[in-house]
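Presented below are the structures under discussion, each in the form of C-alpha cells.
You will see two complexes here that share subunit A, one where it goes with subunit B and one where it goes with subunit C.
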Partner chain A sequence: MSRLARWRGTVLTFSAALTAALALIAVIMLSLDKAPLAAAQRFIEGAIGTPSARADVIMAALPMLLCAAGLLLTFTAGLWNIGVEGQVTMGAIFATIIARTIPRDVSDWGIFAALIVPAELLLAMFGGALWAGLAALLKIRGGINEIFGGVALNFISVNILLSLVNGAWRVGTFPQTAPFAPAALLPRHPELRLSPLGIGIALAAFVAVFMALRGTRFGLQLRAIGRNARSAGILGVRVERNIFWAMVACGALAGLAGAFQALFTRGRLLPNISGGIGFMGVLIVLLTGVRAAWVLPVALFLATVPIGSLKLATSLDSAVQIDAALGNVFQGALVLAVLIGGGVRARLAARRKERSEHG
Partner chain B sequence: MHVELQNITKTFGSLRANDALSLHFAEGRIYALLGENGAGKSTLMKILSGYQPPDSGTILIDGQTVTFQTPADALQCGIGMLHQDPLDVPNLTVLDNFMLGRREGLLPKRSAAREALAQHAARLGFQLDPFRYVDSLTIGERQQLEIVRLLSLGARLLILDEPTTGISAEQKHALFSALKRLAAQEGMTIILVSHKLEDVAALCDEVYVLRSGKLVGHRQMPTPIDTLVTLMFGQSLPRPTRGAHALGEEILRVESVSLTARRLTVRDLSLSVRSGEVIGLAGLDGSGQSDFLRACAGLQALNGGRILLAGAPIHGKRYPELLRLGVAYAPSGRLEEGLVDGLTLTEHFALTASDGAWINWRQAAALAAEQIARYNIRGAPHSPVQTLSGGNQQRTLMALLPKNLRLLLLEDPTRGLDVESTAWVWQQLLARRDQGAAILFTSPDLDEIVMYSDRVLVFCEGRATLVTDLDDPSRNPAERLGELIGGKNL
Partner chain C sequence: MDDALVRTLADIVKVGAPIVLAAIGETITERGGVVNLSLDGSLVLSALAAFIAGTSTGSVIVGALAGIGVGLVIALIVAVCSIELKLSQVAVGFVLTLLCRDLALFLGIPYRNAQVFPTTFLPIPVLKDIPVIGAIFFNQDLFTYLSFIAVAAAWWWLFRTKAGLTLRAVGERPQAAFARGVNVNAMRYLYTAIGGGLVGLGGAAYTLGVLPTWSDTGIVGNGWIALAIVIFGGWYPLRVALGVYLVAGLRAIVTSAQAQVPPQVVELLNALPWLLMLLTLFLVSGPYLDRLLKVLPPRLHPPIRTVLRARPPSALGTVFEQEGRR
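Let's look at the complex of A and B:
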C-alpha cells in the first residue's frame, strides 16, 4: 500500500471513529433532555474560543505530550509501560522535594534562584527514571512482565504520595502541601496561564524522541526489538540493555510531566497529582499506532476534551449543563472506536490481500 | 477395521511431501512407517488423522471412501493419533484432560468419567492417578493418558509418532506390551512412526519405508536391519575426496558438557574443534544437536561442564559479546530468529554495522546495495525482508554475518532451499572455512552431513558419539550414520 493510501486510511478511520464517539455522546445527551448541538457549540467555544482557553488546552496537552513521547520509545520496543502513571507520580514527588523548601522570598539568592527550576526538573526526571528503571530491572532480571511490574509500582507510588501528603508534607486541614513559592514554579507568561519554558521543553523532548527513532542506532535497535527481540539478539543487538534505557528514558520524560503537574498545573503536591495523564499518554500512543508524527495533533485534540467539558459543567444554561465526566466517556468511546476501526481495517486488508492472491 | 490409502499426494510449494502413496493397513497388525526426516511420514499421518487434507487421493475405511475435515472427524471414524509432543492441557488434572473431547453435553459426569478412565487404563496395564496435574507427569505418563483418552473415544487405529523418544525403558516396555495386547486381543491396528530400527524390530509386524515422499519398500518383519537402512537412506553418493586444507589452532573446546534438550538430557559431551574444520551434527529432531549449537553461542545454559572459545570460558558471556569475539549463530527459523519481519534490507545492514550512535541512511543503503549485488540477493535495499523468498532470506543472513569469523554455528543452513541455493550457501561457507573459520552445523539430511563434514557428532538417546572415520571405503557413510542415529550400536 502506498504511503498516501495509508495516510488516507488513517484519516478516514479517525473521522469515522470521531463520528461514532460524537453520536454516542449525542444519544446520551438526548436521553438526558439536553441539546447536543448547542452543547457542541459551547464546547468548542469553551475549548478554543478565547486566548485563555487556547492557553489552557496547550498547557493541558504538554504533560500528555511528554508521556506520549516517552511511551513512543517503549512501545516501539514492544514494551507496554503501564507503569508510566507511577513514573509521573514519582516525578511530581521528587520535584516537590525541592519545591516545598523554597521560601517565598529568594531575592538574596542571586544566581542560585535561576537554578531552582532546572534542579527541580532534573530531580523529577531522576524520580521517574528510577521508577521506570525498577520496572525494567524487574523485567530483565526477574522475568516479570513490565505490565505487572508497572501496575505494582503504580500502586506503590500512589501510596507513597498519599503517605507524604497526609503526613510529613501535609500543611493545613486537607491532605496536600502548601502552595509552592513563585520562585519554585515554572515561570509563566505575564497574562495567560502559559509557560513558554514548559512549551519549549516539551517540544524539545518530543523532537528529540522523534529524531532518536528516525536517525539513531538506538531507535533502530528499539524497532528491531519491538518487531522480534529474538532475531534482534541474533543480529547482535543487546536487547536487555536497550530495553533498560528505553524504559529509563520514558520514565525521565514521565517524571518531567509529573513536575509540570506539580509546578504548574496544580502549584502544589496533592493526591491524584498525575490526574491520569500517564494513561492519556498510553491512549495517545495507541490511537496513533505508535507513529510519532501523529502524536502532537492527537495530544492537542485530546486536551480540548477536559477543558471544553469543564466549561459545559460550569455552564448556567440547563440545556447544556452536564457533568464533566461525560468528557471522559467521550475520550473512552473515541479510543475504543479508533481501535475497532484499526481492527476492521486490518481485517479488510487481509481479505483484500487474499482476494488478490487467489485471483 | 481395514484402512486403505490410495494415491495420496500432498505438495507444499515445489516440495512433493507425499507422492502418490498407496498403503494398506489391516486389522490386528502393527505397522512401522520408516523414513528419515523429511521423508513424508508426518505429512501422511497428518492426512490420515484429519489434521490436513491431501491434494489428491482417497482414504478408504472398510471399503468406504471417507473425507476428514478435522481430527475429530477422523476420531469419529476410529482413527486416533498420538503426537510426539502430547497435545494435552498441562495445568489441568489427568481426569479433566481425559474428559476433554468427550461428547457428554453441558454437565459431564465426573464419576462416570473417572470409572471410564480407570477401566481403560486397566485394560492397558497403565496406572494413572486421576487427580494429578498433567504438568507433573513424565512424558511417558502423558502418552499413556493420551492413549487411554483416544481409546475411550473409540479409536480403532492408533498412530504413534516417535513415541519412544524421551520415555524410560520401563515405560517403553509397558507401552509396547500394551500395544501388542491391543493388536492381538482387540484387533486394533497400530502404526508406529519412527526412525528407531530397534523399536521397529521389537514391535512391528510389517514395515513401510518412505524416502523423499515416495514409498520405497514394504517388508514383513523380521527383515535384516541393514536392508531397512539401505531402503531408508538409499545408496548415498560416494564421499567426495576433498583437498587437504590446513587445520589451525583449537578454537572451540567442549569439556564434559551436560545440557537439557527438549525431551532429554545430553550428558558428557566433549569435543575439540580446530580452525578450518567442519563438524556435522546428526541426530533425530530434538536429540540435542540444536541445543548444543545454542549453548556454544551462549544462548542456552549448561547443566554442567564448560565451553571454551580459544582457551577462554564463554560462561557468563551473552551472544552479542561472543559475536564480537567472532562467533556467529544462524538459526533455521530465519524469520523467527535471525531476520526481523518488518524491517527493510537497508535497516538490517544498518543494524549490524556497528559504528556510531547516528545512522547515515544513505551510506546504509549503499552498503545494502553492495551486499545485494555481492550475494546475489533478489530484492532491493528498501524491500521488507519478509517479502524475500526463503533462498534470498538465507543469502541475506549470510550477507549479514560479520567478516572475520572464527566459529560459525549453523542450524540446518539449507532448510527449504532448492539445489542451486544449497550449493551457493555451501560455497560461501567453505570459503569461510578456507579463511580459517570452524563450522558446526546440523542437518536432517545425512547426505549433506557426509558431504561436507570432516567429523560428525551423532546425537542419540542423550549421548553424543564422534564419528571420525567417514572415509572408510568399506562402508556407506550415510548408512553408518543412519544406524547410529537409529540407536543400533547402543
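Let's look at the complex of A and C:
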C-alpha cells in the first residue's frame, strides 16, 4: 500500500474512533441531564482557549511524552512494560530525596545551587531505572512475565510512597511532604506555568529515542527481538541484554516523568503522585500502533483531556459541571475504539485482497 | 481449636470468595486458550453494576445477575477482538482494564459509601454444627458457597467430563481438536463468556457480600492478584483456590497487625501480598524449582512438583486460523 493511502487510512480510523468515543461520552452526559455540546465548547475553551491553558496542556503532555518515549523502546522489543507506572512513582520518590532537603534560601550556595535540579533529575532517572531493571531481572532470570512483575512492582511502589508520606517525610496534617523550596523546583517561565528546561529535556529525550529506533544498532536489535525473539537470538542478537537495557532506558525516562510530576506539576510529594501518567504513556503508544512519529501529536492531544476536564469539573454551570473522571473514560474508550478500528480495517483489507486474488 | 482462629479462618474463606470466583473464571477462560486480561477492571465495573441493581431492586439475585451480565459482556468484547479481529488479547484486555475501572469510578460517584447492602447470610443446617469445619465453611453468605461450588464444578468439568476434555484440547492443541470435529472458536466464545460471567459474579460478591457497599478501594488490584494466582495454581481449580486462601490469609495477618503498628509500617505490610505474588511466580515459572529440588530428598519431589509445577495451556493467547474458512 502506498504511503499516502496508509496515512489516509490511519486518519480515517482515528476519526471514526474519535466519533465513537465522543458519542459514548455524549450518551453518558445526556443520561445525567448534562448538555454535551455546551460542555464540548467549554472543554475546548478551557483546554486551548487561553495562553495559560495552552501552557498547562504542554506541561501536562511532557511527562506523558517521556513515558511514551520510553515505552516505544520496550514495545518495539515486544515487551509490555506495565510497570512504567511504578517507575514514575519511584522517580518522584527519588527526586524528593534531594528536593525535600533543599532550604528556602540557597543564595550562599554559589555554583552548587545550579546543580540542585540536575542532581534531582539524575537521581529520579536512577530510581525509575532501578525499578525497571528489577522488573527486567524478574523476567530474564525469574521467568516472571513482565506484566505481572510490573503490576506487583507498581503496587509495591505505591506502598513505599504511602509509607514515606505517612511517616518519615510527612509534614503537617495531610500525608504529604512540605512544598519544595523554589530552588528545588524545575525553573519556570516568569508569567506562564511553563518550564522551558522541562520542554527541552522532554523533547531531547523523545528525539533521542526516535533516532535510536531509526538509526542505531540497538534500535535494530530491539525491532528484531520484537518481531521474533528466538530468531533474533539465533542470528546472534543478545536478546536478554537488549531487553534489560530497553527496560532500564524506559525506566529512566519514566523516572524523569515522575520528577516532573513532583518538581513541577505538584511541587511536593503526595499520594498518587503519578496520577496515571505511566498508563497514559501505554495508551499513547497503543493508540499510535508503536509508531514514533505519531507520539508527539497524540500526547499533546490527550493532554488536553485532563486540563479540559478539570475546567468542566470546576465549572459553576450545572449543565456542564461533570467529574473529571469522565476524561479518563474518554481516553480509554478512544484507545479501545482505535484498536478495534485497526482490526476491522485489517480484516476488510484482507478480504479485499482475497477477493481480487480469487476473482 | 480456639474460637478466634476459627473466626479468622472463616473470614479468610469469606474474603477470598470474590477472588476465587474471578480466578476460577479466568482459569476456565485460559484453559480454552484465551487470556482475559481485563479482570481488574471487570471486577470493579461488575461490582458497581451488581450494587446498583441489587440496591435498587432489593434482590441479591438481580444484583448478582447484573454483575454476571457485565462480566460476560466484557469477556465477549475480548473474545470478538481476539477471534474475529485478531487483535492482541493483551492489548485489548489491558485497555479494557483501564476503561472499565475508570467507567466504574465515574458512574459510581453518586453511590460512594451510600448505603450497605444486607448480606445474604445462609448458615446451612446440620452441616454448620460440625465442629470447626462447620463454623469455617458452612456458616457463610451466599457468595462464599457459590465460590465453593465454582471450584468443585470447574474441577469436575475440566477433569471428569468429555466436554472438559474438549475444552482442554482447544487450549492445548486447537488444530488437533479441530481435526476431531470441534468448533474451536465457538468453544472459545463459550468458555470466555462463562469465565467472564464468573468474574462478574466475583464483582457482585464484593458489593453484595464482602464489603458490602460500593467502594473501589477494596476491589482494585484484586483482579491482578486473581490473574497471578491462576498462574500460581498451574491452571488447576483446586490449587487456584489454595493460592487465593494463601493470599487472603496473609492479608488477614496484616490486618490483625494493623492496630499495633504506626501507619507507615502498615503501608509497607500491605506490600507483602505483592511480594508473595512475585515469590510464588518466581518459584513456579523460574528455573529455580529444579535447583531447589536437587537439594531436597527425592521422596519430597512428587508432592512439591504437584503443588508448584505450572505449565500454561500450549495455545494460550494465540489465534486459531481455521483452514478453508472464508
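Following the convention adopted for this analysis, the second predicted complex is superposed on the first by the 359 of 359 C-alpha atoms of A that agree within 3 Å, B and C clash if a C-alpha of one lies under 4 Å from a C-alpha of the other, contacts with A are read in each partner's own complex, and residues count from 1 in each chain.
By definition in this document, a contact is a pair of C-beta atoms (placed from the backbone, for glycine too) under 8 Å apart; a residue touches a chain by one contact, two chains touch by 3 or more.
Model, not experiment: these values are computed from the prediction.
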item: Partner chain(s) touched by A:220 [first = subunit B, second = subunit C, both, neither]; value: first
item: Subunit B versus subunit C as contact partner of A:323, first or second or both or neither; value: second
item: Which superposed partner A:44 touches (first subunit B, second subunit C, both, neither); value: neither
item: Contacts of A:181 with subunit B and subunit C, given as first, second, both or neither; value: neither
item: Which of subunit B and subunit C A:20 touches, first, second, both or neither; value: neither
item: Greater subunit A contact set [subunit C / subunit B]; value: C
item: Touched partner set for A:231, first subunit B, second subunit C, both or neither; value: first
item: Partner chain in contact with A:35 - subunit B first, subunit C second, else both or neither; value: neither
item: Touched partner set for A:167, first subunit B, second subunit C, both or neither; value: second
item: Residues of subunit A at both interfaces, subunit B in one complex, subunit C in the other; value: none
item: Residue ranges of subunit C touching subunit A (in the complex, touch as defined); value: 37, 81, 84-87, 90-92, 94-96, 98-99, 102-103, 105-107, 109, 221, 224, 227-228, 231, 262-265, 267-268, 270-271, 274-275, 277-278, 281-282, 285-288, 326
item: Footprint of subunit A on subunit B - complex, ascending; value: 299, 318-320, 323-324, 329-331, 335-343, 347-348, 350-352, 354, 356-359, 361, 400
item: Residues of subunit A touching subunit C in the complex; value: 28, 80, 82, 138, 141-145, 147-149, 151-153, 155-156, 159-160, 162-164, 166-168, 279, 282-283, 286, 323, 325-326, 328-329, 331-333, 335-336, 339-340, 342-344, 346-347, 354
item: Subunit B contact footprint on subunit A (complex, rising order); value: 215-218, 220-221, 223-224, 227-228, 230-238
